[in-house]
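Listed after this line are the structures, all set down as C-alpha cells.
In what comes next, subunit A is part of two complexes: it sits with subunit B in the first one and with subunit C in the second one.
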Partner chain A sequence: MTEGIQNVSKPQIKVENLNLWYGEKQALKNVSMHIPRNSITALIGPSGCGKSTFIRCLNRMNDLINNCRIEGKVTIESNNIYGPDVDVVDLRKSVGMVFQKPNPFPMSIYDNVAYGPRIHGANRKDLDGIVEQALHSAAIWDEVSDRLKSPALSLSGGQQQRLCIARTLAVKPKIILFDEPTSALDPISTLRIEDLTMNLKKDYTIVIVTHNMQQAARISDYTGFFLMGELIEFGQTKQIFQNPREKSTEDYITGRFG
Partner chain B sequence: MTREQYVKQLDLLKESVLSLGEMVELIFRDSMTSVINLDVKLAEKTLALEPEVDKLEEDIEASVFDLLALQQPMASDLRLVVSTLKITADLRRIVGLSVNIAKIPGRMEGGHVKPLIDTKKMADAAAFMLENSLKAFEAQDVELARAAARRDEEVDKLFYAVWVELIEMMAKDTSIISRATNLLFLIRYLERIADHCCNICESVVYLATAERVKLN
Partner chain C sequence: MELNADVKESDHKATRVQGGLNFRLNAKTSEKIAFAFLGLSVLIVVGFVLVILAYIVYNGYNAINIGFLTEMPRLMMTQGGIYPAIVGTLYLIIGSMTVALPVGVMVAIYLNEYAGETRTTWLIEMAINNLAGTPSVVFGLFGLALFVKYFGFGPSLLSSSLTLSLLILPVIIRATEEALLTVPKEYRESSLALGVSKWQTIRHVVLPAAIPGIVTGSVLSIGRVAGETAPILFTGVAYFLPRLPDSVYSQFMALPYHLFVLATAGTNIAKTRSIQYGTALVLLIIVLGLNLVAVLIRRHYRKKLKV
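Entry: the complex of A and B
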C-alpha cells in the first residue's frame, strides 16, 4: 500500500512493521513508512486512528506511558532508536516536538529559548546568538526582540506557538514533529505557522499530525492516511488529494466518512 | 453518510451538465437537418435556443465556483468539478459551431452544389461522438469515451476528402464558389465539433482515472 514512495533513496526515517499496544489494545498495526529528508509529511485520519501514537514513536514519547509495548523497527539516519544504547535525551534533542497547545515555560521569552541550549551545556557567551537565531527562524524575532525579558505567557496564542517552535529549534534538531500545532490557533496564526513549516523544511525534516485536511494539502509533500491503527495509504500529497488509491482514503478526504 | 447537502450539490451539477448535453445534441441535430434540407424555419428555431444554453452554462459555472470556494472538493469530487467546467466549455463551443451551421441555410440560394453524402457521414459520426461522450461522462465509462473519440479519425478523413472535392469543383466552375465555400465552412465546423467531443472524452478519462490523455 505504500509502494508510492517506499523506494525513496536514503530515507531519513525508516519505520518497519511497527506494532504498538496500550495494554491489551493494539493502537498501531504493522505500520511501515519511509520519510525522506527535508520534506513535510502530513499524517491524517479520524480521532483514535493512531496518527499521534505513531508520531510519538519517532522520539520515544510513548516510553513515558505505562503498559505501552512496542514491536518493530524505527531507524533514523541508520540508527535504531529503540536500540539498547540509545540515549533518549539525545534522541529527543535531534527529534524535536511541538504540541497542540502552546506550552511555554512560565519564564521569560529569552529563557524559554535558552532553556534547551543551557541544559545541553551551551556556552554562556553563545546564548544570545542562539536565542536570536532561533527566534528569527521561527519568524517571531521582529515581534519580541524589544521585550525578550517579558514573560512568555504574555504573548498571544499564535506567538506562544512560534516561541515553542523557536525553543525546539534552539537545540538544533534534525527532525521536528508537530502534533496538531495549529488546532488552538486563529486562521491568521495558523497560516503563519504553515508558512513557517514550509520555510523550515529546507533545514529540517518535518512530520505533522493534523485534523485539518486543507492544511495537509497546502503544506505537505507526502501524506499518510491512518485508520484504526493501520497506515492505509501513503503517497505524494498531490496524488492522495487528487486520486487516492484506497476507497477509505477517498471517503475520508471527501468527507463521506461515517 | 456525512455531507449530504454537498453530495446533493455535486449530483445536481452532474445533472445540469447532462441537461446541457441534451440541449446541445438537439441543437446540433436540428442545425444539421436545417442545412441538409435548407430549412430556414428550422434553422431559425434552432438559433433561438442559444440564450437558453448561455443561461445553463452560466448556472453551471456559478455552481462550480461556489463549490470550489465554499466546499473545497477533494479527490474524485475535485475531478468532477474540474471536468464539469471543461466539458461545459466544450459543449458551449459545440453550440457556437452549430449556430454557425444553422446560419448557412439562409445564405444558400440556389441549393447545394453537390449531394451531401460524405458530409452527412461526418455529421453522423460527430453525433455519435457527442452522444457517447455524454453517456461516458454519465457512467464514468473510460472505454466508451475512448471508443467515441476513435471516430474522430473517420471525421478527419472525410473532411479532407470533401475539402479536396470542393476545391476541384470550384476550380472547374467559379460560379459555385460562394455556395461551395459555405459547404467548406460546414465541414470545417463538423470537424471542430468532433474535436470538442474528443476533449469531452479526455475529460471523462481524467474524471474516472485522474490520467490526463490526448485522444485526438
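Entry: the complex of A and C
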C-alpha cells in the first residue's frame, strides 16, 4: 500500500510488501510502512486487525509460532532482518519488546533488570550502574531504590510494567516495541507510561500498538490504521486524526465501529 | 387438529410422569449427598493408610534399635540387624536417580521445548506412556537380558540401578513435562525478546520455575525405587549377603526383597515376625523421610520464586 510509504528521509525501519499467514489464514496483506528514527509510531485498529502480528514481525517473535509463514521484506538499519545470515538473538537485542501484561520474572527487582546484561556478558562491576541507569530511564528508580532485592512480583501492576521497560532498556536496544503496554493498567499508571514513552523517544525509536485512540493521539508522531490485515492508512498523527483520507479510518476514529 | 391434540396429550403425560417420579433433588439436598460421598471416600482412604501404618508400627517398633539398624543379619537371618539391606536400598536410590534424573529432565526439555508437534514426537510420547504402564517384572527380565548378560555387568548394583532407572524414567519425564507446561509462556517470550537464546532462557528462567514440580516427580520415583522387588530380583539382589557391596559390580541386599525373603522363604518364618515388621517400618521411614526432604526443597524453591 503506497499510503504506508512516508516521505521520511532516512527511515530506520522499512517494511515492504509484508504478507503473513497463520496456516491458511492470511493475517497481514501486503503491508508497507516506513518508520522514522526517534519517533513514536502508533498502530491502531480493531481486535484481530493484525497490528500485534505486525509489530511481532519487527523482532521476529512470530518465529515462535508454528506454521506461520512470512513473505516480504523488513529492513532495519539497512539490514534485511529476514535474511539468511541474520542472528535472531542479535536482532532482538537491538529491537526490544514490552508486552501487554506486565511479566517480570519471579526474581528480585535487581535481577530482573540485570538478567539481560548478565547473560550478554556484562562486567560484574558495571552491572550496578547499568541497573541503576535503566531504572532511572524507566522512571521507577525512586520507588524501588531502597528495595532492589525484594521480589519483582511484590510491585504494583504499573510498577511492574515500568520494571519490564527498565529490563528492556538495560539491554540497550535501538528500537522498542510496545504491544498494548497499558491495557492492563489503571489510568494513572497509564499516564506515567505515556510520559515515559515520550521521554524515551529522544534515545529510541518507538512503535506502540494500542487499543486506546486517545493514547495514540496523545503520544504518537505517526499513526497507522489497520483493518482486516491491511494497513489502511499511515501518516502523521495529526493528519490521521484530523483529516483522515480513508472513510474507514474516520469511521474507526470517530467510534462508529471497533 | 386431531393430531395436534394427540401431541398435546402425550406432552402432558410426559410431564405427569416426570412429576410423578418426583426425583429431582433440590440443590441443597444434592450438595449434601455429594459432600457425604466425597467425604466418605476421603475417610476410607485416610483410614486404610492409618490402619496400615499403625499395624506396621505396632508390630515393628519393638524390633528397632541401634543394633537392628547397624548390624549384619545373624543365625540364618533370624537374629541381628538389617544394615546391609538399608545400605543396599540407599545405594539403589542414589544409583538409579543419578542416571534417571538428568536423562529424564533432558528428555522432557527436548520434548516440551524443542520438538514440534510431529508424528515422531507423538510416537515418542506414546512410547513413554507405554513404558510407564509396563509391569515391573518385565523391566526385570529386560535388565537381566541387557545389563546382566549382554553388557556383562553380571548380577550387580549397577545392573539393578540401571534397570530401576528405566522403570522410573517415564515418571520423571512426565513430571518434568507437566512442570515445564506450568511455566507461563510470558516468561519465555519476554526472555527471548531480550535477545536471550532459547537454551539460556530454559536454563535461567524456565528450569528454575519448574524445579518444584520436577522435585515432586522425582520423589514419587524414589518411592518406587525403594519399594520395587521384581526388577532387582533378576538383576542383582542377594538372598543373604552379610557384607556391604564394595563396588558397583557387587551384589547387594535390599529392604523389600529382604522382607519378602523373611516372610516367605526364611528358615524360620514365625520367629522372624518382628524383624519382618521392623524391616517394613524402616522402609517406610526411609521413603517418608525422603518425601519430607523433597517437600522442604520444594518449599524452599517456591519461596524463592513467589513473593
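Basically, the second predicted complex is superposed on the first by the 252 of 258 C-alpha atoms of A that agree within 3 Å, B and C clash if a C-alpha of one lies under 4 Å from a C-alpha of the other, contacts with A are read in each partner's own complex, and residues count from 1 in each chain.
We take it that a contact is a pair of C-beta atoms (placed from the backbone, for glycine too) under 8 Å apart; a residue touches a chain by one contact, two chains touch by 3 or more.
Since this is a predicted model, take the numbers as computed values, not measurements.
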With subunit A superposed, do subunit B and subunit C clash or fit? fit
By the touch definition at the top of the document, which applies to A:14: first (subunit B), second (subunit C), both, or neither? neither
Using the touch definition from the top, say if A:64 reaches subunit B (first), subunit C (second), both or neither. second
Just checking: does A:243 make contact with subunit B only, subunit C only, both, or neither of them? Give me first, second, both or neither. first
Does subunit B (first) or subunit C (second) touch A:171, or do both, or does neither? second
Counting only touches as set out at the top, which of subunit B and subunit C does A:253 meet: first, second, both, neither? first
Regarding the shared-chain residue A:34, is it in contact with subunit B (first), subunit C (second), both, or neither? neither
Partner with the higher number of touched subunit A residues, subunit C or subunit B: C
Who does A:51 touch here: subunit B (first), subunit C (second), both, or neither? neither
Is A:201 touching the first partner subunit B, the second partner subunit C, both, or neither of them? neither
At the CA centre of subunit A, how far apart in angle are the CA centres of subunit B and subunit C, to the nearest 10 degrees? 140
Smallest Cα to Cα distance in angstrom from subunit B to subunit C after superposition equals 34
State the interface residues of subunit B toward subunit A in the complex, per the touch definition above. 1-3, 6-7, 72-79, 209-210
Residue ranges of subunit A touching subunit B (in the complex, touch as defined): 213-214, 217, 241-244, 249-250, 253-258
Subunit C partner contacts - residues on subunit A that touch it in the complex: 59, 61, 64, 66, 89-94, 96-97, 99, 101, 103, 105-106, 115-116, 119-120, 151, 153-154, 164, 167-168, 171
Under the touch definition given earlier, write down the residues of subunit C that touch subunit A in their complex. 116-117, 184, 186-187, 189-197, 200, 204-205, 208-209, 304-307
